[in-house]
Amino acid sequence: MAGRNEEDLKDVTLLGNQGTSYSFDYDPDVLETFDNQHPNRDYFVKFNCPEFTTLCPKTGQPDFATIYISYIPDVKMVESKSLKLYLFSFRNHGGFHEDAVNVIMNDLIELMDPRYIEVWGKFTPRGGISIDPWCNYGKPDTKYEQMADHRLMNHDLYPEKIDNR
Amino acid sequence: MAGRNEEDLKDVTLLGNQGTSYSFDYDPDVLETFDNQHPNRDYFVKFNCPEFTTLCPKTGQPDFATIYISYIPDVKMVESKSLKLYLFSFRNHGGFHEDAVNVIMNDLIELMDPRYIEVWGKFTPRGGISIDPWCNYGKPDTKYEQMADHRLMNHDLYPEKIDNR
Amino acid sequence: MAGRNEEDLKDVTLLGNQGTSYSFDYDPDVLETFDNQHPNRDYFVKFNCPEFTTLCPKTGQPDFATIYISYIPDVKMVESKSLKLYLFSFRNHGGFHEDAVNVIMNDLIELMDPRYIEVWGKFTPRGGISIDPWCNYGKPDTKYEQMADHRLMNHDLYPEKIDNR
Amino acid sequence: MAGRNEEDLKDVTLLGNQGTSYSFDYDPDVLETFDNQHPNRDYFVKFNCPEFTTLCPKTGQPDFATIYISYIPDVKMVESKSLKLYLFSFRNHGGFHEDAVNVIMNDLIELMDPRYIEVWGKFTPRGGISIDPWCNYGKPDTKYEQMADHRLMNHDLYPEKIDNR
Amino acid sequence: MAGRNEEDLKDVTLLGNQGTSYSFDYDPDVLETFDNQHPNRDYFVKFNCPEFTTLCPKTGQPDFATIYISYIPDVKMVESKSLKLYLFSFRNHGGFHEDAVNVIMNDLIELMDPRYIEVWGKFTPRGGISIDPWCNYGKPDTKYEQMADHRLMNHDLYPEKIDNR
Amino acid sequence: MAGRNEEDLKDVTLLGNQGTSYSFDYDPDVLETFDNQHPNRDYFVKFNCPEFTTLCPKTGQPDFATIYISYIPDVKMVESKSLKLYLFSFRNHGGFHEDAVNVIMNDLIELMDPRYIEVWGKFTPRGGISIDPWCNYGKPDTKYEQMADHRLMNHDLYPEKIDNR
Amino acid sequence: MAGRNEEDLKDVTLLGNQGTSYSFDYDPDVLETFDNQHPNRDYFVKFNCPEFTTLCPKTGQPDFATIYISYIPDVKMVESKSLKLYLFSFRNHGGFHEDAVNVIMNDLIELMDPRYIEVWGKFTPRGGISIDPWCNYGKPDTKYEQMADHRLMNHDLYPEKIDNR
Amino acid sequence: MAGRNEEDLKDVTLLGNQGTSYSFDYDPDVLETFDNQHPNRDYFVKFNCPEFTTLCPKTGQPDFATIYISYIPDVKMVESKSLKLYLFSFRNHGGFHEDAVNVIMNDLIELMDPRYIEVWGKFTPRGGISIDPWCNYGKPDTKYEQMADHRLMNHDLYPEKIDNR
Amino acid sequence: MAGRNEEDLKDVTLLGNQGTSYSFDYDPDVLETFDNQHPNRDYFVKFNCPEFTTLCPKTGQPDFATIYISYIPDVKMVESKSLKLYLFSFRNHGGFHEDAVNVIMNDLIELMDPRYIEVWGKFTPRGGISIDPWCNYGKPDTKYEQMADHRLMNHDLYPEKIDNR
Amino acid sequence: MAGRNEEDLKDVTLLGNQGTSYSFDYDPDVLETFDNQHPNRDYFVKFNCPEFTTLCPKTGQPDFATIYISYIPDVKMVESKSLKLYLFSFRNHGGFHEDAVNVIMNDLIELMDPRYIEVWGKFTPRGGISIDPWCNYGKPDTKYEQMADHRLMNHDLYPEKIDNR
């Protein structure tokens, strides 16, 4: 098994970097990539992000969510510490729940040009109702576009049990 | 990431509105919409509503349910605070469990004209039996109609374990 | 939302009826129906029945099960209180687990002539083994017959974890 | 085992009574009792009431809770159907969460004069915070008063895990 | 390790007996005992009985419960198959939930004269409310009587979460 | 509902038979069948068997598993008490986990000639790793053979969470 | 049941107030109180606050916790919306986990002068380890001081299972 | 931290021993000990043993249990591989559930002369009822004897939920 | 049922071998195979491996994961003790999470030439985010290649709930 | 709320330090402290450490555990990043489970001189049995020594359910 050498990781500036400063304003520029070592294979990488918080655009009060991001890489893969910083950058930013997952997915498509990607946000309730938006994407005019259709069609047939406690 | 500006939210009169008055009689007119900012993409929005209560049409006693609503928006999207008020409006209203989910779905179709929608009600037991109706809809003569068939076909293959405790 | 009027409920004699007497001998005649108000739509109704008990045909000792019944109505729908009484009527009746779910489904087909129906029994163990029979049905020569095949094909791919405690 | 005869149950007017009408305004008068058949013994009776709803006194919007009531009877015991109706009577009534459990306990003390009683309310969140008030009571100048102190002292050392979902 | 010989088990007539007939009318006479082989030691034996059913004395409809019985034996111990038959004998018998646990405990005290015993019934809900009665007993004028007081004092400080599903 | 008469059960010699002797050496001959009363219908019967134990062929130490058996009967059905005895007969027998599920399935195919069958073994860990073999079978040259392919293709897409505790 | 009148609620300025502005800098002045209507009784009020976030004082990155606050009121009680705003005010503030729970408790003691109070913080892990500080307080020279000792002595005898997933 | 040297482990003959042979007849002689390195401190060691099986003394059929053993060592401690072999030795042995836990505890007292010990057996159900015996012991005329009384007094105030599935 | 004889197991040198030495440097050579006894049948074997640890390639600190490996054997099958040793060999090795699952799968393909295989890694979080990579493979130009596509398409439609605790 | 200033944190050299090197040989010297800001108050700090691994002293193979550490600080408090490094240092070290928790506690006593401390290790099973040692300590000749006795006396009255999966 070949490990990752310094050359492989030359674009990874944040991982293990002690002097990291944090931006709490929306900033997709913080995202970094490294190269996929297994480009001949389709495989999934999923990020579980239960520590996501943003602000309500109308009332200004904090919202909380768990964000699940899952994708099939093409050439580039998002580095996880930079993803953490990117998600931090929503902390003082306002947006509708439905828009947040779309924006996150758009930025990751822009960054990585993945074969397939999906983003699911599961928010805590306001007024007794919680909102869980989900979006996905497959590279146009490839089999991944059909894959996106297929997964949309079969999305969340079993909603998790929610009792607000 | 473009946020929502005032123009976008001009039809949203309830969110953040302090003087809201609550109607506890069935009232679909309370529902409000805002515009979908991602109309070129199919994506799901799900509402988890564990605080739903209505009255039995024959005995008059309260019934309780969790309502799950999941849809793919077209042009319009239902605003969540108005949805809360709409669900409140069943509080003093009587209806069969099987009818409630159909009525909710009909009203949301009327309101939003969504590409796809489904509604699941999970009620607490009466006489040792609980009832869970589920309905769905895809815009006629589109691929979403086939999607509705597909999801009906695959609905709830794994009923949750229920022991009435 | 139109509620149910008296005319709609004229065949419902048991719901809210105080003087109900209970038969504990198998009796499908106790089942009652009301009319489907949404006949143009395919939708599911599921009954969760964790309080089912019968007698072993050979040893005479009590058996216990949770019965899940799920169907797509056509013209008629089974009223839930009458269903409760029907299930009570197995209390002093003997039968194999495998037969019970088939009999229940047969009686409900006879009663309602549904588009689709399935019945799952999950029994408590005897001698360290528990038995979970499942049967389904789609109206012959309709798409629901194919739906029944499809759901049989995909039945219970994930058996629940059982440890007899 | 002696069952309950008609004489024993003469004060029980609601159980099995078909023509029950429901009051949704606070009404402690609906509560009924029957006699304790085991007065020489201290024992607990607990009611689990997950279908409790009331209105916020300031905003008027619905609140939901599970109420747990546990007591040691003296001469009189509360009949469960009348308890159900009593709890229904908070449906259109406004009150702070902290007051509701105290009022319920006061009314049951007034009704039954129990040796010991405790009431726990577990409400769904508003603004991301949920409130769980708990009160108890032991008959003054008896060992049950000390029992109340002891149980207060040891109350809820292990708060349940809450994540608002 | 000395096993049980035939002499030890001579009073055990039901265990392994194929021709057992079942009584579904309340019958404490079916209970059998065997001798405690460890009388110099205080130890607990608990029976978990989730398959208990009886009839409501007023409406005649079936009730279901899980019964937990826990005791410290003195000279005699209840044989488990006879306990099963005894619990079967409530099947067609009517009684209040609060009475059932007291009767079961009384019969077992009569049978075994145990040092300590407690019985907990956890019933399924009727009208949205479930009832869980609990009683205990320590041999009068022994330390077990104080033990009974202590356990009453500390009973069920953490009621299980109930949501009627 | 026609029950089972004596004629139906004439091949069932073990159920309710008190004098059963147990073999702890592998013995498929103990298996018995009864006739399927619903041969015109495809339906599933599942056995949950959490009390399975065998010996490691190389070290001789005990292994433990939960075995799930699920099948669609044709003419004959396996009687559950004989299945229990059959599974007992692995108690002192040695075999690899991967072989055990294949052998059980082969024996049941030989016995019943079912339309479809699958067997899943979930073993406890040795050396920190647990093994879960799964096999299935559809009657050759029937639609059940295709069903077997389909279920293999979709097997266990969601492995259960295992942490060895 | 006497509800809360306007006089009772005159110090409650935030609840139901639409124009609330949020401070994300530590600000105990936002806390408000209302009067205890049951001062003759000792009872508990618990707040479950799963949406708490602050910043690490050394690295500046966000930390997340669930905060449980439980107290016995004396004359004054903290109003829950003001508590929400107070907890919001830690959002951009840095502090050690161990200090945060002490500061929250100190501020609430200053505000309400409660008979008893305890605060538990359960943080998400950093570097594979999570920290759960807990502090409590009883009014000096009262029985509540002894109560605090007693609860400290018995704190968290059963740590919850943590696997970082 | 001083590790264990060869001298410390000279009595440990089974751990890491490849040629171990297994006895499936009751055999307490297989138990081995090593020395407690922390004799000045009272501390608990607990063994979780979910793979315990034995035979019913009357019917000969297998029983299964999880055994929990917890003790405070004095001079000697039981080595875990030898404990495994000891528990294996019940495999073909018959005994009542109530006797098994007493015998295991007696053998471990004989072996280790511990300060305190307790043994809990949780068996799978037969005939719908499961049995959970528990015994404990404190060295006579020491504070551990009082500890045993205290733990007996507080044993299992919260029986786990059992539904036989 | 034919057991495994010595001839069958001649290549299995590690199972039951006491003198095993452990390599904690990446070493695929430790893997051993035995022959598939059921080569005419497609069936799955799954390994649950919750005790996997490796080192971060950039920071050098330990990472932990549960690895799930599932495959359809062709001629050769991996022996589980050698798999354990192989996974041990990552203990002091550095690699990205995304690479680890690909490397494990590549090595097992090289070893066994299976018909189908998939590997899922579920890692504990770093910086609040956890990563779960998943890859699969079907033998090229066989139906198993299509099976791999199908399973990729349907992978993880229901991500498990993650809250980092 | 006073935050921590630089002076307070001058002994904290590891937190936020990017160039940290990791020792995988047992090394208590890596532990660092900071000062308790609330020395006049008794309060608990608990560390949940599910990522602990060490080596078996006799076989050399890896063991895994979750370690729970809970203490009442006096003057000094252990810094969590240094605790992480300390626990890492067991990675290539051999020791019995029973010794590991004692050693960890001894080192933390040496480091912090706490008022009270307890350490619980919950290990994964070997040979079907898992071991959970627990030790505690109160400063001699203080009330914390009695607290240690009290908590020992009440330790783990409810062992968690273990099934090795």
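Letters A, B, C, D, E, F, G, H, I and J mark the chains in the order given here, with residues in each chain numbered from 1 onward.
Following the convention adopted for this analysis, a residue touches a chain if its C-beta (ideal position, glycine included) is under 8 Å from a C-beta of that chain, and two chains touch if they have at least 3 such contacts.
Here the structure is a predicted model, which means the values were calculated and not measured.
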Steps needed, at minimum, to go from subunit E to subunit J via contacts: 2
Lowest number of touching-chain links that must be crossed from subunit B to subunit E: 1
Relative orientation of copies subunit B and subunit H, as a Cα rotation angle in degrees, nearest 5: 180
Remotest chain, subunit C as reference, centres from CA atoms: J
Subunit F and subunit J, separation of their C-alpha mean positions in angstrom: 47
Interchain centroid distance [CA atoms averaged], subunit G/subunit H, Å: 44
Length of the line joining the C-alpha centres of subunit A and subunit J, rounded to whole Å: 35
Residues of subunit B touching at least two other chains: 16, 50-51, 59, 61-62, 64, 124-128, 130, 154-158, 160, 162-165
Complex interface listing, subunit G residues touching subunit D: 1, 3-4, 9, 12, 15-16, 34, 37-38, 41-51, 66, 68, 70, 72-73, 77, 80-81, 83-84, 87, 120, 147, 150-151, 154-158, 160
Residues of subunit J defined as touching subunit H within the complex: 26, 28, 56-59, 93-96, 98-99, 101-103, 107, 125-137, 152-159, 161-164
Complex contact set, residues of subunit E against subunit B: 61-62, 64, 122, 124-128, 130, 160, 162-165
Subunit C-facing residues of subunit E, complex: 20-22, 24, 48, 50-51, 53, 59-62, 64, 88, 91-92, 124, 165
